[in-house]
């Protein structure tokens, strides 16, 4: 188990050591492969976490790890192509940072201890900030600064919330610990007001990292300015872990009997995020910012699913995986388009399908997937969530969800189609600034295929995993 | 089919084949009498037809097979429609549930091809005529249906033979007002469908104001003969319906037949009378007239349905 | 003893208000340093038999080192490098922010009264102090223009959290606390780097300049 | 034996595109092979449909496939039209000439066909949705074939957006039903009660989702642009069968539920009537050939919906006769419309192929250069106008019979007022006849109005042959309707889950009537033949006269421009609909005894789309951009947001 955490960090150390700019990315690949292998090994020797362990592997962590390691592997391959293009830049910090990020995320996934979870989240935040600044221009700097400040603010609130939680169990008979299992076991004996307060602080804190509206304001800037590669890892990876952290907290809150309030809060925040996306996506000329708002939307859907519970919860965990993979597709292909046209606004980007015969159509397909069109996997997870909404008798919520989804589809569609179809503008006609090479085109392609396969055929094993994960929060198929 | 019935049917087919031009004769005669002229002999239409059949036809270079198909299909369709029509109280040669739909659509087929033939000449006037014809026809269609529905409702049958059959007199006793309204509406439709005053003036000489006549400007010889004969046949069909509707008396078969023929004559006279006392409406008014007819018959139908 | 503790808490709150009012950057940084030092004493003041001495000592020394010395030094050096003008340049005026701070304190007391301490033996002022310090930090972060000030605000915020952490210091494992200090340190460190870059890019640390990104 | 047929009908077309891809180097061969695959699949499909209509259903439970009578009614036209279209493509959209574009088209064409075959054969909601969406997306890409044209891009996106909204509605519908039944198998839904809130919600969603695809007014707006923008054989496919999948879904879902309230039937009747009348009215006002045909699709779907409404009403009121007549009318019209609308769109494609324009008022006189096309187009026109002896008449007749059933009711019964539907149908028929008189007259007859029309050339046999096949099918059904009607009885019974005996009486009446219809049709043909012979004889005997110019009524200098245009032809009728159709365009200013040259150019906006939705969308966009100012650029404010959220939640959590 430790291997999965240490391997990336080790590679990071190596990366910082390696002098050559061209050879360094190999470390990234090595780290990704090692991590992937480690995760595979873990899954084979999966033992349910025992009371008192700080690290443990339950259904939830399994799913998040699976998604992340897949995504990161794709990103690592992509990085080989990408960084060779950007050999002008020193990528020491970039490569190292990515690997540290991976390690930190893995810790979050495995941690059974809320304090540890918090530390890892903070580490992830700090590791990410310099990555956003990779392009080293004023815009990316501003993005990094905002990300850092807002992120740390959230993290600070989360810390306070963690303390509250600890305090709630600090009564003489209490668990006096931050281990999730202890807290859940102590359940009703926890002091409910403190649990409620803790939930609020942790929801706002980790919600900021997750990018739920109105805590999302760092997102469009960061995703807009960071390399597509990083965007993929943030939108598809890190946000999922913030969600994971919230789920852990929710488990405790539920055990303490405070879940009625928690559910309402989650549903409210989720719907608000989706609604906000429906406003901000419309007429968005900058397609990377558009993707950021789409990410806000999907975080909203996750929160909504968790809040609704029942089938919706299972759907939410399914959706977390789909969202992770799909975001990889759209961000990577968007990155390619950005590189090829040297711009990310529909003013100068047209006819991507002609210029980039792989990435262009991929971007379109990714858009369809992300907006929940069958037969892609996200459709089925959103379907499950809607199903859950109706199952709980929350018809208004379901109707709102559908309405917002429709608006978002139209809004995103106008931008995406403007980018993909038509004849490329005169200057870039057929001769992109950088042609797509397989290293940069294949990863999103593979992810796309995965998303499609998940939609067409969902392995029973995975399905059970989603069920089990939902079981942790009282849901299930 | 029993032999007397067979005989009657044959007789009806003969009537269908021979009588129609006579109606035109009667109409014209009536007009001339009212107008204080001697006028053409009753059988003049037959002479005209014979003459036309002997002539050759002049064709415009613009025209294609459609132009030649027009009169042929027109005549054939109307004649076939005649097979569905019950005359003199006896069932028609062919009758089945909802056959009046087929009846109406056969007339439609005739109209469709006549209009196409007109458009085939590429003459602006004939195009104008075709446009007006299809416009007014499509407005007359629902009115016709409504009238037939009134009949169907009143007689409780869904075939022309039933509607115009023996049960008609009984219907008059229970549903007189509705039937009367329907009859009036039907008469208006008959005038419109057959391009008579006040909708159209068959012997005007100002192309701009014509509907039906202008469509056939370029036809000559046998084609024109077919068209004329077809027109008279159409007039005959409407006349037959109205005559049955008006004088659907009981009594012996012979009496029924005589009444039927009498009714046809009266119909022709009525048309003639209208033509001599009325002026042609302005084009704008025609749709109003037809919509009025539909409303009248719709009212009649509702009377029976409520 | 307990009166001393009380005094310490009150001092912390007063410092919060003073920070909200202070117009000179240097003074503010020094004050934060003082607050840090003050906090460093708390673990020892609050020492009960539930704690073990060594643990408390480590915490106190760590706090003193980080909050009292290292971080303030970094701030000063940052100011010197970036040759920042010494004013705070508030968005919200000093008096209003003081008033807000005061309201915050009041709210903090009200709020903590609604939250019954699960363990009686703790000092009644602790939670309100923590919360009002957090509040003051948030206010500073939100209502001052310069990047440095926002870092400052964060320090105050973290101080508040630290105070709250004392509630749990008896059973909260050392590692988490170490994590707290470390992360605080790292955060300020990274922010310092970014500040350096901002200065290079915009030749000032005024966040006004940092509002180019928009839809 | 039959299951493989069904699978082939789904798989072969779906795979057909790969052939084109594989043989990229030898385009002709590739397209040929792809076409061959589609045709093979179509053959299997027809066979399967036939089997399902004759000897009951084909079921493959493990694949959750099940083809019953209802499905077969739709599978048959899908297969036939798919084959016709792909053959037509050999001449119309040649891969050798168009390269990658044609390859893409082959790919998506096959997928669209496969998707449709899958969805009509699905026995499970999820499979249905997969087929549905594959079809929808493939169609989107098909519309997008010439994506460099802005008009095409707009049309495609409009299609995509509306189909997606429709899918969302279905998504909700199936979620509801799935919740109620605890499974997504159609079999499990059978017998769910349509009464109550569930039923009402479900019906509204179904109307939105399926109606959107079917193009019922007022959600028809995507249809005209999409049909106009797509290549013609694709338009034929879309208008002929894709649109019908909406009808299929509506029938499928309503067929499964029990206790369908009469209001549903009445709602369908209302929608169908409105769609039929407005559809044909809008068609009259168009001067773009393909847009015009597209609006006729709306009209015909309206007629089909009328039939469906009758059937539902029949079920609700326990009137087997209504069920039979309504269902068979609707089902037969589904097939018929696929045939003649396919024929017409292929004809329109031939015209566009020959002249490079779809603008009616630029055409004229095509009957001379394009004899074959003209003849086939006239057949299609007569068929769609519901004129005997062609198939259009038969289905409209059946539906009318259904309406006439009302006459048998005692006074005061609501059903009695069904009778009023018959005149409406007659009105629609009349308008359709008028409209196609206009199309044929303006496009094919008279003198060519422009150069391209003058240089027009006949379409290659590969394009004429499929049209001929479709025309032949139209004639066949028109001449021997009873053959087509007979199998529908079983399907109707299965759909309404009544025992066939209940329907036998009505079925017997209908088929005897149908037999008479074919008798009359034969009579008509005989009469025509007679007349032709007679005319030949007479003309042979008569002196031959030389051909001349058309008589211009004394006008000395006639030119092609003075011919009646499509707009002027339809003006009188369009004026009748001034309450629903608002043509736009500057009215020319003519003054003085000798007014100078002036031009009149009108365009007919779609009332729902151009006067309703687009303005609304623009308004929303405007609001959204205003709302975007809320995006606070100052980091202080962004952090304040976080703070505010925190306080708000605390207040929510603790103050109340």
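In this document, chain identifiers A, B, C and D correspond to the written order of the chains, with residue numbering beginning at 1 in each.
Criterion: a residue touches a chain if its C-beta (ideal position, glycine included) is under 8 Å from a C-beta of that chain, and two chains touch if they have at least 3 such contacts.
A quick note: this is a predicted structure, and the numbers were derived from the prediction, not measured.
Peer 1: To reach chain B from chain A by way of touching chains, what is the minimum number of steps?
Peer 2: 2
Peer 1: Which chain's mean C-alpha position is the greatest distance from chain A's?
Peer 2: B
Peer 1: Of every pair of chains, which is linked by the largest number of C-beta contacts?
Peer 2: B-D
Peer 1: Approximately how many whole Å separate the CA-defined centres of chain A and chain C?
Peer 2: Chain centres of chain A and chain C, defined by C-alpha means, are spaced 31 Å apart.
Peer 1: Hey, how far is the Cα centre of chain B from the one of chain D, in Å?
Peer 2: Once rounded, the distance between the two centres reads 35 Å.
Peer 1: Just give me the whole-number Å value for how far the CA centre of chain B lies from that of chain C.
Peer 2: The mean C-alpha positions of chain B and chain C differ by 101 Å.
Peer 1: How many angstrom between the C-alpha centroids of chain D and chain A?
Peer 2: 44
Peer 1: Hey, what residues on chain A touch two or more of the other chains?
Peer 2: In chain A, residues 145-146, 149, 153, 193, 197, 220, 280 touch at least two other chains, as defined above.
Peer 1: Among the residues of chain D, which ones contact at least 2 other chains?
Peer 2: Residues 628, 631, 635, 639, 650, 654 of chain D touch two or more partner chains.
Peer 1: Among line, ring, star, complete and other, which one matches the pattern of chain touches?
Peer 2: Shape = other; not a path, cycle, star or full graph.
Peer 1: Between which chains is there touch?
Peer 2: Result of the pairwise touch check is A-C, A-D, B-D, C-D.
Peer 1: Write out the stretch or stretches of chain C touching chain A in their complex.
Peer 2: That would be residues 114-119, 134, 138, 141, 147, 150, 154, 157-158, 160-161, 164-165, 167-168, 171-173, 175-176, 179-180, 183, 186-187, 190-191, 193-194, 197-198, 201-202, 207, 210-213, 215 of chain C.
Peer 1: Which of the residues in chain D end up touching chain B in this complex?
Peer 2: 364-365, 367-368, 374, 378, 382, 385-388, 393, 396-397, 400-401, 404, 406-408, 411-412, 416-417, 419-420, 422-424, 426-427, 429-431, 433-434, 436-438, 440-442, 444-447, 509, 512-513, 516-517, 519-520, 523-524, 527-528, 530-532, 534-535, 538-539, 541-553, 558, 560, 562-564, 568-573, 576
Peer 1: So in the complex, the part of chain D that touches chain C is made up of which residues?
Peer 2: Touch residues, chain D against chain C: 628, 631, 633-636, 639-640, 643, 650, 654.
Peer 1: Which part of chain A faces chain D closely enough to touch in the complex?
Peer 2: Counting only chain A, the residues touching chain D are 145-146, 149-150, 153-154, 157, 193, 196-197, 199-201, 203-204, 208, 214-215, 217-218, 220, 261, 265, 279-280, 282-283, 353, 368, 371, 373-375, 379, 382-383, 386-387, 390-391, 395, 398-399, 402, 405-407, 409-411, 413-414, 417, 421-423, 456.
Peer 1: Mind listing the chain D positions that touch chain A in their complex?
Peer 2: The contact residues of chain D facing chain A are 129-130, 132-134, 137, 144, 147-148, 150, 153, 156-157, 160-161, 164-165, 167-169, 171-172, 175-176, 178-179, 201, 617, 620-621, 624-625, 627-628, 631-632, 635, 638-639, 641-642, 644-646, 649-650, 652-654.
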